[in-house]
Every structure is written in C-alpha cells, then in structure tokens.
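In the part that follows, the structures are each spelled out as structure tokens.
Both of the next two complexes hold chain A, though its partner changes from chain B to chain C.
After this line comes the complex of A and B, so read on.
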C-alpha cells in the first residue's frame, strides 16, 4: 500500500469513528421546519399562543409524529368547545430532528420569536434536558413528554418544568409489586446503553433492593445492535426468574426475539418505553406472553366501568382512530395529557383574569384530580409530575393482543 | 466474571459466526469497490438499508418471498450503479479524500430520503424458514442465522468462482491490481468501476435481505452495519478478499465473546479499539506482511 492511500485510510478510520459517535444523536443539522396548526393567523390578540418542540424527524420520530397528532387533536377539541376563557388556543409546533442542540434552538425560537405562553416538549429525555436551564432562566413553563425522572427532580431546581410520563420510580415500583405478587425474587436486568437505559437501571436497582428482589445480572446493548443473544446467554446461565428490559424498539423487539430463540422460560417484562404500536408485530410469535408496565391506552375497552379513566380513554381511542386512521399508543397519550394539563393551567389563570407565564406555572403546580390518559394528575409545589405507581398497569401479550395481566 | 458452561460459550461462538458472516459480506463489498474505484464507500451500509426497506415494503404487499428478495437486491444494485455513474464517475479525478467525503454525503442523503419515504417506524420481513431454533451442541441456533451463514458461504464461493474462473472477474481483478496496464490490455476501467460498485451494492443488498428478519429494517440500520463492515475490511487489509472475509468473521466472534465474557457495555468499543490497534501495528491487515509494498 503506498503512502497516499495509507493516509486516506487513517482519515477514513477517523471518519468511521466520528460517524459512529454521531450515530448516538443521529440526524443532520439545520433549522427545524415549523407547522402552524390553527387556521387563524398567528399572533392574533384573541388567542392563547402555545408551542411544542417534538421529534418529527430523526430517530425518535416514531413517537414524535403521533405525539404531535395527539396534541393537535387536544387543541382542536378544546377550540371546538369554544377555547379557554373565550379565547382559542394557537399551537405552534417545531421539529427538533431528534437532536439535543436543535431542540434548544427550537425552544428559543418559540420563547423569543413567537413569544408563546408555555412550551410542550421535548418528547424524549435527552432532548428535554438541554431545555431545562434555558426555560428556568427565561421563566417559561415547560411540560415535557420525556420519561426520565431527572426532568422534574430535584424539584427545587425545576420550578418551571413539568412532565406527564410516569416516573421510572413508579414504573419500577409497579414491576416490583407485580414480581412480588408472582412470588419472583431473582431477576436479571438488561438495558439499552444510553441515558434512558441508565436512568431506568439506577432506579430499578434501588427499588428492587428495598423490596428484597435480587438482581443477578445487569447487561447492556447498543441501540443499533442486531443480536443480543450474547447478553441473554449470559443471563440464561444465571437462571433468573424474570428478565427486566429497559429499551425502546427496534432493539427492544430484537431482545424479545432472541429471548424466544434461546428458549428462555423466565418472565420477560418491559418498561413503558417499549410501548410502540409495532411492538407485537415486530417481535412476531416471540411476543406471546411478554409483559409490559405501561399506561392504559391499549386496554381501554378491557377496563372495568368503575375505572375513572375509562371514559376519557375510550373517547381518545375512538377519536384518534377516526382522525388518523391508525391506533393510538400510551406514548402519544402522554402528549395529549400534556395539552390537557396546560389547558387546565391556562383555564385557572383565565379565571383569575391574569394569563401570564407565571400564572400558568402556578396553575400547573395546582392541578387537582385531573383525569388524563396516563393517570390521574395531582400536582403540587413538591411534585411536578403528579402520577402514582398505581397509574402504571401490567399488560401481557395474549394471542397477539395486549391484555391486562392477571 | 461469571462462569459460562461449554454450551454457553458455543452459543456465543455460533451467534458471533452469524453476525460475522454479515460483516464479511459487507467488507467484501468495501474491498471490491475500494480496489477498483480507489474509494472507501461509506454508503455501503445504506445499500443494506435500501434492500431491507424495499424488501420489507414489498413483503407487506403479499408478494412471494423469493420475488421480494430478488427485487430488493436489484434495488440496491441499481442504487449502486446510479451512484457510480452520476456521482463517483464525474468526480473520478478528485483526490481520495474528496471521494470519501462524497460517499459520506451520499450515505447521509440516502438515509434522509429513506426517512422521507418510509418514516422511522421499524419494518419487518418474515424469516425465510418459520419455526423454532435448531439445537447444535446444546446451543440454540435460529433458522435465519443458518440462512445467513449459508448465504454468506454461497456468496463467498460464487465470488471466488467469479474472480478466478470468469473473464469478467479476472478483468476486474486485473483492474484492482493495476488500472493502467489493464487499460493497455483492452479492459475498460470505467466499465470495471461500474461493475465493482454494482457488485458491492449487490452483496450489501443480499445482506439487507437476509438480515432484516433478524434486525428489522429502519432508515438508520445501515450506519452501524456499514461501519462494522469497514472495520472488518480494514482488519483484512482493505485489498484482499480472503482477508475481508476473515476480518468479518473475526470481528463478529470477538464482539460476541467480548459481550458474553467481558462486558456488554463495551461491545462496540472492542470493535473500534481493534481498528485503531490494527492501523497502528499492522496497517496492511492481519494477512498482510509488515512491508508488503505494491509497486
């Protein structure tokens, strides 16, 4: 090999490595596209202007697009009923391309150019974290649809930040209680090698330990990996009674297939993050018997009539299916809840006749028994999330469909 | 460190061979394209993705599986041909660095286009043979893994036959060794350049079709698979096809054993660390001598 191509090879290697690094965040740069939902002109005096920063393109667009649809639907429903305090909501949506930096750029645009009252977003934990210091500084309310607990904790540093997905702690508690009911005490944990997996691992380990559940193995895999059999082989050799998976599809579905291929007979339990509609389709026959700790959107019709959420869930599923010709999932339900919380806070402020960013923030801290899709919200100055472990239910795949686990 | 039984180690080994077979096919594509076009084609992984996505889309229309596979492989081969004709060919007088950057540009463009067409919802292709995994020496081997290894093997044999026994293959090989002299012998380097890209893209297409039932198809699927193929090609010295095959298998097995025996968090780190180590210690690849310099 001559000298010239040797240099080119080194350069290629350097590029390969930097490309691999980029793979973590994915997506190209550039300004996000904007969509204005309300038919009326933006900036009119007779409306409440709110913003949303979501993952409309890039890696997380599997969730971003249904989340946008859900928020739009909530806004249209509220406007159809005459809006809030006589004024309609005007929603401005920006795409953050599933990228941390663009997420902040989009939020800045909403706050400084569009001068929105509050921002919904972003849809994931990594894209929400960079917004927090900025929203704190600008004193604008933020309602995230990311699931990481650190979005709203510690609450003294999160005065302006709220979120709707269940905390990892609540999901972990729900799983741990389920394990105890089933008499299982020896589990293995496997998670995706990023902030989502790490945060879940930390929380689950803590709660499992407090409840006398032993974690015999903790494995990781890359979000783009094709084969998790090595990790599962290691887990299999330790004979756990259940395997807990903290990951999102498609990797989460590959774990399910590999688990089935290795003929492992322990329970397989997923965190809420795996809750995409395609989960069962992607894992095929391997999905049979798999559990997930999730919201109730998929099982709305199976809930007892006494469940206070049944009505809103049934209405949501029906409206969503009619409007978008596709099934809703717990993930877009969380975005719908964010819109409900915001509408409630604006309503409280409008009653007092003073709709400002600060008044909306105060309202978000004072939500009482708001029945949402993810659960029943009760926020306070110490709790910016407002759900309980009971709001997370265990579902199981039976005959290719999600049912409430016994 | 935990104790793994013999069966578990076998499981890791077989798992690694299946993944290694995939890497080997990609890396052969890298080597063929590199030697004729003088460019490391970073869009190789995107060819895999195109075959995977086209295959998954067609399969959902109910088309028979063999036709789906054929169409998917043709789609990626065509993409390779178009890329060579309209992008690499006009830029053939540029330096290697420029060409590499062009391929990176193509790779990002293809990923973007795929995202626009198909969205980012993962898609799936049915396994070629339905049923429970087979058992060998106590290890469970999914049927699709066997398909991967068999197809990789068949491709290798076919490639050997093509390069050693056919006129076109020999011409291609001549072109790899020396473009100027080949031209004097009446071989058109332009045609060979086109052919090498089509061959590379075709191999990537085969990978896309066999791997989608295992890994699911997303617009992002090509990135990591392409990079791992590149690492495998470099392990083999970038100029030798047997080296590329060996590099691929070695990488797959090392990754699998590394994840199973050492730590799963460092799986990708192992692959890229190997790449750096090799570039520093043995720039000519595992099979290449220290001073094997071609004149």
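After this line comes the complex of A and C, so read on.
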C-alpha cells in the first residue's frame, strides 16, 4: 500500500469521525466540569455535602440542564431558609455526557473523592443502571431521575436506590383509564429503541391486556432517527383508535410531525418522557391536539384550589421563571422532587442527631405525604418510588399550550 | 513512511524493549497510582487499561496490517456480551466465559475475514463498518438473549481461581498486568518472522506477493488477533461495569478506537497505550476548558470537532503518531549525547 492511499484511508476515517458527530457525542472516560453551589464556608464540617450526576451534554442534555437548574434552585431555597439542622447543603454536580461509562466514573468521583452523603442521578435509565451495583456496594443512597421501573425493582436488590419519576406502570394505568373513558379499545404502540421505550412497552402491554385493550401494532424507531413515516404508515393501515408513543424529544416530536404529515386522525398519546418544553417547540403546529400523561407542572395555574399540590407548583413555576427566564417542565420537576426527598431524609437524620449515609437511606424509606411537584410521595421499605397512578394527569395541547384534558 | 517501514522490516529487535529503563520508571509510577489516589482516579486508570488492550489490537491491524477496520467496538461488544450472558444467565465462571468470548469472537472474525479480506482499502473498511452495524442491531433486537435496548444487568464480579475482584485497586493491577502482557505479546509478534512478513505485506502487497507470500493469510491472521484482543478487553469491561447496553458498542466507539490508534501511533506497539492516555487526558482537559470558552451545551460538539481536527493534523504533520514522535525525540537525545 502506498503513501497516498494511506493518507486517503485515514482521511476517510477523519470524515467518519465527523459523521459520528451527527449521531451524538462520543464519551471517553471521565467526569465533567464541577460546579459548586455552596454556602459561604467551603469546609466540610459546617455543611451537608450532596452530589448529582446529570446529562449536561450529549443526547439527553434536553433533560439534564433543566434538571441541574431545578436541583440548584431547590438547594438555594433550602439554604436561604437556614439549611437543614443548622447546616447548609453543598451541591456538587458532574456531567456524565449522557454516557453510561462516564456516569459511573462521575459517581465514583462523588463518592470516593468528594465523599458526598448521597447522590442524585442519573437523569435517564441507561445512565442510572451502571451506578446501582456500585452504590449498593459502597452503601451510598442514590435518588435517580430516570424513569425505568427496573431502577427501583426488585426492591430487595435496591436497598440504597430510589427514584422520583412516576413508574411506567402508573403512567400506563393512567393512559389505559383515559382510553377507557374515551371508549377506545384498539390502539397501536410505537416506542424508541432504548431502555426507556423497551421498559414502557413491556409495562404498557401488560396493563393494556389486563384491561381489555387490544394492541394492533407495536413499532420501534431509533433515538437518532429523523423520519418515522414507514412505521406510522404501517400503523395507519391498521386503523387504530389511538397511537401511544413512548419516547423523548427530539424523536418524540418527529413522530408527532410525521403523524400530522400523514394526516392520521386517531388520538396521539405520549408518555411522560416527552414532557420537556422542547417537545412542542420541535413539533410546532403538528402538536395541536396531542395528549401526554405527565406531571402537573405545565398546568399549575389550571388546577383547582383544592389540589394539595397547587401551592408548591405555583411557587415552583414562579421561582423557576424568575430565576432562569424560561419555562419549567415536568422533567425538571422530577429533579426538584429528588432534592426535596433528600432534604427530607437529611432532616429526619438530623433530628436524630446522626447524619450518615445509612441514616439518610432510612429516612428516604420513611417519607410520609411529602408534597412534591410530580406527586405526593409515600415511601416504604417495599416502595422506593412512592407515587400513585393518580399523580399522573392527562394533558392536551390547545393553541400551542398544555391544558388539562377533558 | 515507506522508508521507515522498510527499516522496520529489516530491523531486529531484542525481546526486551530498547527503552527499558524509561519503561521501568513509568511502570513503577503506574503501580503507585492506586496507592495514592481514591477509587475515582484508580477507576479511570482501570478503564484506560481496558481500552489499551483493545486499542493495541487496533494498532496491530491498522499499523502493521494496513487495514482500517471500523468494527473494533463490535468485537469489543461480542466479548462483553458473551461474558455477560454466560455469567449472568448461565452461571458460567467468568474466566471460562472470557475464553468462550475469545473463541466466539475469533471465530466470527475468521469468517468475516474469509469473506472480506480480498477486498481492498476503502471497500474493506466499509465492509467492517457494515458488520459493526449488524452486530449492534443484533444486540438491540435479540432481547431474549441480550436484554435488548434495556441492556444486560446482573453481571457478576470477575473472579480468578476463587479470588473475587471487588475493589478498584485489584482491578487496576489485573487490568494493567493484562495490558502490558498484551503489548509485550504483540511486540514480540510483530518482531517475529510472521510480523516482518506482515509489515512487508503492508509496505507493498504486490512485492510481497511476488516473493511468494500469501498476502491474504497474513492480514487475515492479524485481523483475528486484533478481534481477540478486543474481545478480551470487552469481557473485562463487562465484569468491571457489571452492566452493558448496545449503545456502548456502536460505530462511535469503533471510531474512538481508530482515533486512539492513530493519535498514539500506528508504527509502534506502544501506540495503543499512548493513544488511550492522550485521548483520555485531552477529553478531561477539554471538558474543563470548553465550557469556559463556549456555552455549556456545545461542549460535546466542540469535543468532536477538536478530535476530528486533531486526526487531520496528526496525519499531515505526525503520521507516525505520538509514539513515532517520541521515538524521534529519544533518538535525537541519544544522538546528541553520543556526539
């Protein structure tokens, strides 16, 4: 092989690298930039050190950045009220680049180098799964913001692991009840080809079956796909009464656009994963009439005054908009809840005068009627998630805004 | 390049590396890492050691075999999944599973090689690219076996003759021992008559063929060895992480291995090691620096652009990679001293 062809081959490799750039960012070992939101004292004695591993860059950064902002806001609010048991919270955030390997490396940095009391994160199911064995071994409490039910199940193997997003089972139940109210029984299911879509598919199929709802088609697409018309065309030919989508933006928004372009007239229902502001932004006018089973952050002002969550939701939306000049979403609400749960557990431990990782874990298992943004949390040794199906509401897009579905 | 290759074909090397005092100092420094750092830094080094094994395979096939393969991550994944599935679902001992992974991956590489190695240049690269994508689709769709997109959970820790590797420290020593053994093995391999023939094939396939060398066979063997090393690395990775998912073994990771091999240096067996270190350190540095200069969310894209640019610059100005550059520097120092 001569010199010229060598250069050409390597150049083609270089082009391939830039190709790979379109698919997302490759991660290497390591963890990310750290940011400290801390009390004035930097020392360890006067504060509770907690950590977070989130998707600040990479393909899930649509979630990670608002989640980081929400956690920082929660910590600042708690510190402004004098902290917990007289000590302030010190939050350390690392980026995992939406990469599973980096997620573990970042968690190790928090646990072994920063010696935090507990870790919030990661923000998605695949980036949370590698942390679980490590946190179990090191005995450090982990509160995930990932949606997959397997994060907290089976509970006997998840002694140190908790999560705040609603279980897929609760979201599925909420969707199924809505379908029954609307008199629909023939649906199609389409999901993203990753841990999130996979886990949603399994759960939804089980709950739909138990409630007499027939799934006429189950299609999949890749998280980075740009066109889902082939799958939707197949679904259209089967004439379902509703199409259920388990995906996150931007792919979730593309499904909505394609659905609209194909002039499909069935109901289009999304799981909570689409609950980022980017969803409507990307789907544009195609989103009109689309449903989502989600938390209540978007509709805080439409809730009846009798709703126990109304107060905290209104306060959150106001504070978030003031601080970050942008709209909050249910996705960052889950991260805010994780900070609330952790603060509650540290508070319980501080009352007993013994704030250790083990005491915080015990506290996390003993949360009673904590009103959060995603729902009202009641945890126990056999329930490390603590929400009910009622905490999930159905919303619909009307004039480009989310409203409570009728 | 040709001249250097020619020189390499004719040079005879001793079994012990030329720069052994330097290597000894580096090795001693490396041995101290887990003693003076926490599980975070040690963990980083464990991952680096794992990458070194697969990247060394890449150096062998690209640098000595002269083939750009774009499926190293697929072989890496086959090793990882074979180990993962056999130990998690069938209670096979990790060592046996690791060997099974090597046999399976080597076998698949042999078959793939038989079909494709008569292709040349870009066509061969494209064939390996396609194979990598097929493996990824298999991992995603065969969910009964692989756990599908949700990934494979519950992979037990690695144990060696009854000794379970639980701490990062133990992992560190195992992985780096394996990495150095692999480098030494590859080094002695490329300096053997087999390796010299391989280099001759790379320098000029036509000339080698005229001398009666079966060009295809040598490339084929190098391809299998490279795949086996990827599999070994993948098995270790699976046991270290205890969780794997198809996304880890995608095309992007293959490109990362190409990058590591090119940056490190294709004309030296130490290229893989140097490449992994340089890429890891640069990634860490970039992650600190980019958010200061640009917006936070652009960090990932900027990193990709940086590494793409680096690859082009390296090819133009330092085609021998870092290892070649270091070698030159070493020679210059020595010449200066002798003069």
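Note that in this section the second predicted complex is superposed on the first by the 371 of 406 C-alpha atoms of A that agree within 3 Å, B and C clash if a C-alpha of one lies under 4 Å from a C-alpha of the other, contacts with A are read in each partner's own complex, and residues count from 1 in each chain.
We adopt the following convention: a residue touches a chain if its C-beta (ideal position, glycine included) is under 8 Å from a C-beta of that chain, and two chains touch if they have at least 3 such contacts.
Since we're looking at a predicted model, the values are computed, not measured.
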item	value
First (chain B), second (chain C), both or neither touched by A:130	second
First, second, both or neither for A:95, with chain B first and chain C second	second
First (chain B), second (chain C), both or neither touched by A:109	second
First (chain B), second (chain C), both or neither touched by A:358	neither
Contacts of A:148 with chain B and chain C, given as first, second, both or neither	second
Partner chain in contact with A:57 - chain B first, chain C second, else both or neither	both
Which of chain B and chain C A:314 touches, first, second, both or neither	neither
Touching partner for A:193 - first (chain B), second (chain C), both, neither	both
Set intersection of chain A contacts, chain C complex versus chain B complex	1-2, 5-6, 8-13, 16-17, 20, 23, 26, 28, 57-58, 61, 65, 193
Chain A to chain B touching residues, read off their complex	1-2, 4-6, 8-13, 15-17, 19-20, 23, 26, 28, 57-62, 65, 193, 217, 219-222, 224-227, 229-231, 233-234, 236-238, 249-250, 253-254, 257, 261-263, 276, 278, 281-282, 284
Residues on chain C engaged by chain A in the complex (per definition of touch)	1-2, 38-41, 43-44, 47-48, 51, 66, 68, 70, 121-122, 125, 129, 140, 143, 148-151, 153, 166, 168, 202-205, 241-243, 245, 247-248, 250-253, 255-256, 258-259, 262, 279-280, 283-284, 287-288, 291, 296-297, 299-301, 303-305, 307-308, 311-312, 315, 319
Interfacial residue positions of chain A with respect to chain C in the complex	1-3, 5-14, 16-18, 20-21, 23-26, 28-33, 56-58, 61, 65, 95, 97, 100-101, 104-105, 108-109, 111-113, 125-126, 129-130, 132-133, 137, 148, 150, 193-195, 197-199
Contact footprint of chain A on chain B as seen in their complex	2-5, 8, 11-12, 15-16, 18-19, 22, 38, 40, 42, 96-97, 100, 104, 108, 112, 115, 119-122, 124, 132-133, 140, 142, 211, 214-216, 218, 220-221, 223-225, 227, 230-231, 234, 237-239, 255-257, 259-260, 264-265, 267-268, 272, 275-276, 279, 283-284, 292-294
